[in-house]
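In structure tokens below, several structures.
Common to both upcoming complexes is chain A, partnered first by chain B, then by chain C.
Here is the complex of A and B:
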């Protein structure tokens, strides 16, 4: 391989000659072509149940028939075993912060977010995976893994069939979950607790 | 037994923010020509073409492999596209190698590319799902919580990530193809650069690059007749896992560990740190260097940051030089980035890495990961033919 990237491959070294009739035409380097796509969203069984329940301020998960693990949001399947998860479980709107990120740059489509903001994996009480949520009502520098939180909902007259009904998660003031049992560590901590009876 | 397979040629374009002088076909053609010239072969010698790139909505060209078939000399030949998110450059090379190893083709051209100047990666990676909460700001937003977990687990000093970033930018100065050429950059500037996705600083992230990387792979007979040194493939492995399940170890995913165990076993490598001379791993955010060193078994779990701190991964004086090319932190044409790791590993064992050559390198690892740290591709290449 040539060690000089400014030397073109021999096959491309020749001069490109435009046809005479294009000699005076302004060269075009690029063209911006905005595109849009309209579609109907058909969420399927698991997501329909989940989104519909939000209108009643309820959070639904699904339970694995293999080992009882609870998934939220539900996807109709336990990805570890390929097993269908037909049974819904209602979950409380309390939990703790697992992994989180303090973001200091704007994101597309969310001009309403004040920077910096904290996005976090929220591990609901009784759920075995986290789902993404905003953390609010606290200085970003004070957020920590294991911090207990509860949901802050939109007013009743603004509720829709959407996870956006939860504005953010605020500290509940309860003692933190130890980091060794928080977030993705929670499942292992639960297995150890089970073994120890 | 699988057919012995060699890397006969490597071709790269200069990685930069905007290659405004070429279209997508022009970009890939340049890398392909360079690889063919290096291999001293022509289009007629190629039996099949295998292409990889990041998802189509980056540039908004659907199934670009079809549109690029002519530019890649693939008309009338088998043309395959591989999709594994950010790891795709690596997976693509593994698929191409398998076509030779299986005895299906004698010589295969494989290529990865991205034209980030014609796309918006952060947008493409943050596609809002209807009726769900849209707050994830691109790849940094996704990987930051995982890095935070690694820091919490290991109590690693806070500036380890900055040390990796500074080291890779120094390495890039010795690679004329690398995008970032920050001659004046100081360590303090890395530390003082603004936090984007705390704990990830601006200087600890990869750039957005245009570029393509191509490889020509051949069977044993093709490797034997090459007038230049070739890189012999000693092992290839792919693994994947779901991105969210109970108890998933996001810091050190099982798919990563399994993939590493497989590729090292194929290559007959026992002492990974002692037997590998050069490492090219996919590090788009600085902290992933110590994280992957642990997952790849180059050290004990929890010790990756110590290798960084003691300078073991530096080209000058390190016993395990990592990303001598400058790595993803210095050049990131996403769909090509994995293949660049594989290509750089090959250049090292061919002794053709120029100013960033590891003296006497005989065996090297190329590595790529993608998605939510879900997809893995690895290969080990050597200066000598594999014995088995």
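Here is the complex of A and C:
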């Protein structure tokens, strides 16, 4: 099957039989029907708290009322239990790389990203899940799971109510977290420890 | 066939949810519906939801909303891109098959972030009608004109339906439009917004959600003092292309009602999910509702229409008549598509 958009699909490539009076008109092989709908994005309570705090260089998570697990970014709910999470927790801007990916292809709309770049699950100290960030200030070949990082913020006069305030995460120089305790491994290790009392 | 009943429900509806996500809306509702009968998600055998990504403008938005359920450890779950009434139907089928005795059904709609009258154009066929972007009120007005000119309904009758909704909604906290003072004369004095439709002919758009718990047999009797037993449920569909339809009728509603046994006995109450007075009139005729049936006692969908949830809300409202011992036999109705293209009828009885 051809992926060339200028080649009509096989089903349309054959002879098109038309009534006689339409014999000389150009057959319609495709129609374009653009759709455009505009929406207002409503972040809701939890995300509003999270985004507003960014303007003050703060990262907010929420604590599960069931077992105290800390989620960042907060979504107003512990998704494991369907329980509302009204309590916010302020988190530090330090953590470690739980997992990462080196990307060598440009992505549309992000001309500001130099290739190759590293996207990573950043596990903040005190948080139980990771969130997405860019890793910078280090050669891509040296990024590793468990590497300790800290946030590089935009200058104070450029801070807005957005997660874009963090330009990227750079190595802090502290000793690595062992891979067995990094990222989601940390979560699993914690669960096992809990089950073993 | 297994005996299956609606054992609890929780609803919320307001004009616009401007500070709440769909997840934040559904967490308390799902917990309320389960909690009312002492269940947690661990006790639920099957979970099914209905919603539309076109309202949120976000692909797979319904997956986010599963956060409100609590899906760890993994649950048996499904979703329909339909009003939640069809999710209830799927859950009913699942319970009929057996192996599970309880089901959680929920749906929600938050159309306020977009322009619903334009969003609804995306349900039209993409070649002939969709590209014209006819807005929802204009399309409904075409039907209203045909009905009035053909004598299928009168302006007086449409005004009566509007007044019934406005007056009935006066004490309904979930209604977003109500008036104890509205009269036929005050309705007829309204200037049309899509001639011949007046503002009160068009359902008041709302945001909201609803969660319902179903249970089978003895489990339902354990959980609920007076379960609303589903005695018949059926859904039918008319052609998609409006050009081939008689727009003064909705044959699929009539067939669904017959299959659900609506006319087999007296109906105390009926809750109809019609987004326009014209369509409420059509439904009353197709469903064969007589003067002894209270129709939309609390204002119905006209007093507040939450896209994708209006039908499941009507079933919840109908079940509440049974739970509260206000009625013994009721009908809940849901519709989907243009001009009542799809109709679902759910007949429930108390013991």
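Quick notes on this structure:
The working rule: the second predicted complex is superposed on the first by the 154 of 197 C-alpha atoms of A that agree within 3 Å, B and C clash if a C-alpha of one lies under 4 Å from a C-alpha of the other, contacts with A are read in each partner's own complex, and residues count from 1 in each chain.
Here is the rule we go by: a contact is a pair of C-beta atoms (placed from the backbone, for glycine too) under 8 Å apart; a residue touches a chain by one contact, two chains touch by 3 or more.
From a predicted model like this one, the values you see are computed outputs, not experimental measurements.
Once chain A of one complex is fitted onto chain A of the other, the partner contacts of A:43 extend to both chain B and chain C. Comparing chain B with chain C, the partner in contact with more residues of chain A is B.
When the shared chain is aligned, chain B comes close enough to touch A:179, but chain C does not.
In the superposed model, A:151 makes contact with neither chain B nor chain C. Touch criterion not met for A:143: it reaches neither chain B nor chain C. Legend: residue contacts after superposition of the two complexes on their common chain; A:164 is shown touching chain B, with no touch to chain C. Using the contact criterion defined above for the overlaid structures, shared-chain residue A:60 touches neither chain B nor chain C, since it reaches no partner. Once the two complexes are overlaid on the shared chain, A:109 sits against chain B while remaining clear of chain C. In the superposition on chain A, A:82 makes contact with chain C only, while chain B stays out of contact range.
In the superposition on chain A, A:31 makes contact with chain C only, not with chain B.
When both complexes are aligned on chain A by C-alpha atoms, chain A residues 35, 41, 43, 78-80 touch chain B in the first and chain C in the second. For chain B in complex with chain A, the residues that touch the partner chain are 9-14, 20, 29-30, 33-35, 37-38, 60, 118, 120, 122-123, 126, 128, 130-138, 140-141, 144-146, 148-149, 152, 176-177, 194-198, 242, 244-250, 347, 352, 354.
Taken in their complex, chain A has these residues touching chain C: 31, 33, 35, 37-48, 75-84. Chain A meets chain B in the complex at residues 1-6, 8-12, 29-30, 35, 41, 43, 51, 69, 73, 78-80, 98-110, 113, 116-117, 119-121, 128-130, 132-134, 145, 160-164, 166, 179, 183-184, 187-188, 191.
Chain C meets chain A in the complex at residues 17-21, 23-24, 27-28, 30-31, 41, 54, 56-57, 64, 66-72, 110, 112-115, 118-119, 122, 126-127, 130-131.
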